[in-house]
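The following blocks contain the structures, represented as structure tokens.
Shared chain: subunit A. Partners: subunit B in the first complex, subunit C in the second.
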Partner chain A sequence: MTSYYFSIIGTRDNPVYEFEFSSFKNSLAMSTSTSVPGKSQFSASIKEMLPFISNSSLDIIEDAQWTTNLFYLGKIDSFYGLLVNAFITQGNIKFVLCYDVSNGTTQKYDDSSIKQFFIEANDLYVKCLLNPFYSVNDAIVSPDFDLRLKLIAKKYL
Partner chain B sequence: MDYPKGVDPYVTRQHLLHHTYSPLISVHASYNADILLQSFLGLDDISTLQILKPYGNNAKYTVPNQSFKIINNQLITKAYPSFPVRFEPSLPELLTVFNATKRSDTNDAVKQAQLDQLFSISSLEMFLNHSSRESSSQDSNKDLYLTYFNKIITSNNIVPFETFNHPIAQLFVVDFDADTIETLRKSIVEFRNYNFPRFFQIDDLLIHVLVMYDATKFLNSEVVAFQNDIKATLNILSTSIPINTNSQDEPTIEVSLIDNSTIEEDLQRISLQQSSASPTNQICIPKSLDSVLRARIYELINKFLIPHMQSKIRVWDDQILQPKKSITGRFFSASKKFFNNSNSELNLIGPSSSNSSSFNYTENYYYKSSPEQTVRKLADWSLILKDFKYAYSTYDVIKKDYTNDKAWVYVASTQEMCIVSLLLAQTQQVSNNPTPPDKNTLRKIRHDIVEPYIDNLSYTFKSRLNLKTYSLKTLAIVTELLLCMCTTFSISWWWTDLIEKYLLKSVGEYDAHLLSSNQDSQVIRAILYERLGYSCGKCLILNGDNQRLLVLKEGKLVNNQVDAPEPEEEGLYVNPKKLLPSINEGTTGLSRYRKSAIWYLLSIKEWLILKNYGQIQHLMNNIRFVYDIDELGEEWYDRGDLLLGFIKRFMKENRASELGEDTSAEIVEVTSKAATEEIRKSIAEDASETTAVDTVEDDLPASQKNPHSS
Partner chain C sequence: MSKKGDDIWKNVDKINSELFTLTYGSIVAQLCRDFNHNYHEVNNQLDQMGYNIGIRLIEEFLSRTGAQRCQSFKETVEVITKLGFRVFLNIQPAVENWSSDGRSCSIVLPEPNPLNEFVEIPPTKDLWYCQILCGILRGALQMIQLDVDVNFVKDTLKGDDKTEIRLKLNKILKDEVPAGED
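Up next is the complex of A and B:
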């Protein structure tokens, strides 16, 4: 089971939304284990680093954004055994997904499913942005956004 | 712009040249000479070697108008402001120490027992742990990375496959009064008859005599006559050192005794100091002796050592290297190869000594007079004489021979020296405005030399020979030289990922080694993470001129915005929600400060476990442009469950508790409780700014008092 950490980072490097989860794909096979499906399994020492890892990858994202005209930047960084994929929106909002590969899973990291996840997350984000009571760089607290993002995560990752 | 703070790679490069790639002079002092110096200085346990040792570093102990002229093989003369040498005990002594540790192993696995580790990783960790505590308790804010680097590159292990630790000169120190030519002759004969290892060529040694005499008792002319006698009977040149015993009252100069010591020596010293009450890292030397020593060592190097090396290099170049490079030489070696292949069955049967190569496979060395050993020495010596380009081409030539002979340890060491000499040549600053190498050169350096050689040599050292400390040393040296190259030409974009990779590789190896012996490599890890932070922080993908475009402000490196424009006209509507560009909009993506900050955070985390507040305070300054470090605010990184928030709270508590102690100490003076409250409040207010409190408890880290002192 791969654990994921997804964050949306505003234009001032401030995280506006964070979400930790793990893949549901193999959860049925591993139902014998005590872990709750969908609960991330980052160790405590990684957990306290996660926002910093996504923050530090911004340096690379900002560098990589000039080299491609796509919004999806692909795998841009690896840190401490975590891989980092990123997506940048038209409004200079960054989506960062950190996930670990060291958990001994045989699952192939399908780049395209991460890409799909980002694209749909972007759709959701745009809908959230359309809300007149929401302004850029505010924390996203809408429970509906949260629920829908989790559904996307379950679908693709 | 000095952010982040750390050791300048040029300093480490300098240290590398001073402590590793410098000529080694072994010293044999007669008993009487030791006695003379001891009685003069009034110290019982000092040896001549200990006094000479610091003066080897003539970058620190200079003479006026010091310049060392070196003529290279193309007969171009260059003058250098310093040319340090290392004084070490005489070769038989070094070898006895070396053999004593080696012989304790049983005779099976001869090959493994032949080569020792360069240093012990656990001692390194122990030593660094000690010095980290020392540096936080004393007022010296010395950089731990430099300590680490110095310890790794300093060694006096004598190995067959590199000749930097083979003495170039042998000094015999005698006392004019008590020693006669006969005793001198005896000790020289004894020295010559010593059973040297078969890879060491004693004929290349420069033998020289230092004559010490009491200037108040003897005339200079008498000593000159004695020197002429030595020359006539033994055919050895000598230098005289007058000691003015009347000069007891004149001002003295403090000389450090701990320059250029290896890890084991340091640990020994520390444990000795802890057992005895008198820590002596310094000795006082009278001014007159000091100036004499400086002048005579300068003369020794300039008049005897450098010419000796130059002439040897020229001879070797003429007799061995040029024939090898010539067309006939190539043809000959090719035919030899061909001939060998056809006779390979014969060679398999016959003992290895009848093999055409002079490589001894069981004990891993080339015989001292073999051309392979000599060319290696030639390359090493020309590197010492700072002719890096010539050294590189020589290493490159000899590497092929080693590969043909499957002399792996020689191959690995020569590959290391190829990279080192190449990078030294690249970073030798000729002009103030160096032109960076073009892309093809860079590509060649990286993809054809640095990367494959490093992979190859760390494989050889680790898997073939089980000598991972050698590969760790190489990684440390190469990363520093790459950093040098980055700063010289501002080409960080080209090297940073490689530097990161090599540093992480070292971290992994230290971890793996110490885990197997149930230790933790915390201090080493913290130091290497700090270096990673430094290398990322110095990575600016901007040319020299454009670097001024970067606006650095504390705590707001990236998300600092330009000021909102004033409404130009009355009634003009300004959208308060409009996003303003950040100050560094123009340089977006061209710096790696956030990346650097995370490495510093990881380093701080290690120090946090070790409770070394001085180091934490020191490192916090290196992230102050990315995160606001002074106060706990509402920013995301100040959350209690995140590392930085945790660190800040921890430091705050620590500071509060220490300030509490301080104020309780002040209570005696102030007496009024209300007054102490006031002081405490005012201190707490600007505690984040500065913690300069008048009365400082002993356990308050020194660097915390003065965070900007480094």
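Up next is the complex of A and C:
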């Protein structure tokens, strides 16, 4: 089961939102084990590094954004078996998704589902931005956003 | 009467609903910042803005609909919901909870409320996000010699099951008294 760490990073490289989860696929088969479906299984040492890993990819994102006219930048970095995919919005907000591949599984990584996840997360972010009481670079604390993002994660990852 | 509202709605100039929603949202958010999140003051300001809109809007409403003098307060409320809200916002609220003396009732705004789209209000019980509607109703009714108290009692933005405006008729003003601005 793959674990994911999704973060949104603002225009001033400030954290806006973060969310840790694991793949919901196969969670039925795994439900006999002690794990809660959707709970991330990063080891403690990796867990505390996750914000650093996603922030350290910002330089690469900023280089990569000029090489393509797409918003989805694909896999841009890896760090000890953690892969980093990124997406950049029209407003220069970065979405970073870190996920581990070293967990013993030989699951194929479907790039298009990650892309689709980013695109829908972007839609959700835009909706959040349309709230008059939210301004750019504020932390996202809305429980509704949380819930909807989880649904998207469940659908695609 | 609903059909008449439909016909008029078809022939009026319209603006994009998102532009409208976001403009109103920006006004409320700016007021909240200006008054340092003193939501009572924000409600008052919205009400005052609404009042100023209402006392002018009634002229527009009368000329567009050609509505005639109503015989009772009940009829007035019916005109407000079936024509007023229809012509200006393209929604048709329901009227409920008439008091036994026929002087107060509730208007329940249907979902989706065009003013509420995208909005998540700050965690407070004080802000009535659509307070401007109360001001508009109060202003417009005052111009047709009805002194009415208008206020919100429920709002779906606060997690209530519906958005409800309470109207209470105080008195019918005498014709010769001009309604002054306060």
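Criterion: the second predicted complex is superposed on the first by the 157 of 157 C-alpha atoms of A that agree within 3 Å, B and C clash if a C-alpha of one lies under 4 Å from a C-alpha of the other, contacts with A are read in each partner's own complex, and residues count from 1 in each chain.
Here is the rule we go by: a contact is a pair of C-beta atoms (placed from the backbone, for glycine too) under 8 Å apart; a residue touches a chain by one contact, two chains touch by 3 or more.
Predicted model, so just to flag it, every value in this text is computed and none were measured.
Asker: Mind checking the superposed model to see whether subunit B and subunit C fit together on subunit A or clash?
Answerer: On the superposed model, which is not a single observed complex, subunit B and subunit C fit side by side.
Asker: What is the contact status of A:142 with respect to subunit B (first) and subunit C (second): first, second, both, or neither?
Answerer: second
Asker: Is A:127 contacted by the first partner subunit B, the second partner subunit C, both or neither?
Answerer: Once the two structures are laid over each other on A, A:127 reaches subunit C alone.
Asker: Thinking of the overlay built on chain A, is A:48 touched by subunit B (first), by subunit C (second), by both, or by neither?
Answerer: In the superposed model, A:48 contacts subunit B only, not subunit C.
Asker: Return first, second, both or neither, reflecting whether A:38 touches subunit B, subunit C, both chains, or no partner chain.
Answerer: neither
Asker: Contact-wise, after the overlay, does A:59 reach subunit B, subunit C, both or neither (first, second, both, neither)?
Answerer: A:59 sits against subunit B, while subunit C stays out of touch.
Asker: What's your read, subunit B or subunit C touching more residues of subunit A?
Answerer: The partner making contact with more of subunit A's residues is B.
Asker: After the two structures are laid over each other on chain A, how near do the C-alpha atoms of subunit B and subunit C get, in Å?
Answerer: 11
Asker: Same subunit A residues contacting subunit B and subunit C, which ones?
Answerer: Correct list for subunit A: none, the interfaces share no residue.
Asker: Please output the residues of subunit C touching subunit A within their complex, sorted ascending.
Answerer: 18, 22, 25-26, 28-29, 32, 118-122
Asker: Going by the contact rule set out above, which residues of subunit A touch subunit C in the complex?
Answerer: Contacts found on subunit A: 127, 130-134, 142, 144.
Asker: Which stretch or stretches of subunit B touch subunit A in the complex?
Answerer: For this pair, the touching residues of subunit B are 541, 558-559, 561, 577, 579, 582, 588-595, 597-598, 601-602, 635-637, 641-644, 646.
Asker: Could you list, by residue number, the parts of subunit A that touch subunit B in their complex?
Answerer: 11-15, 47-49, 51-53, 55-66, 79, 135-137
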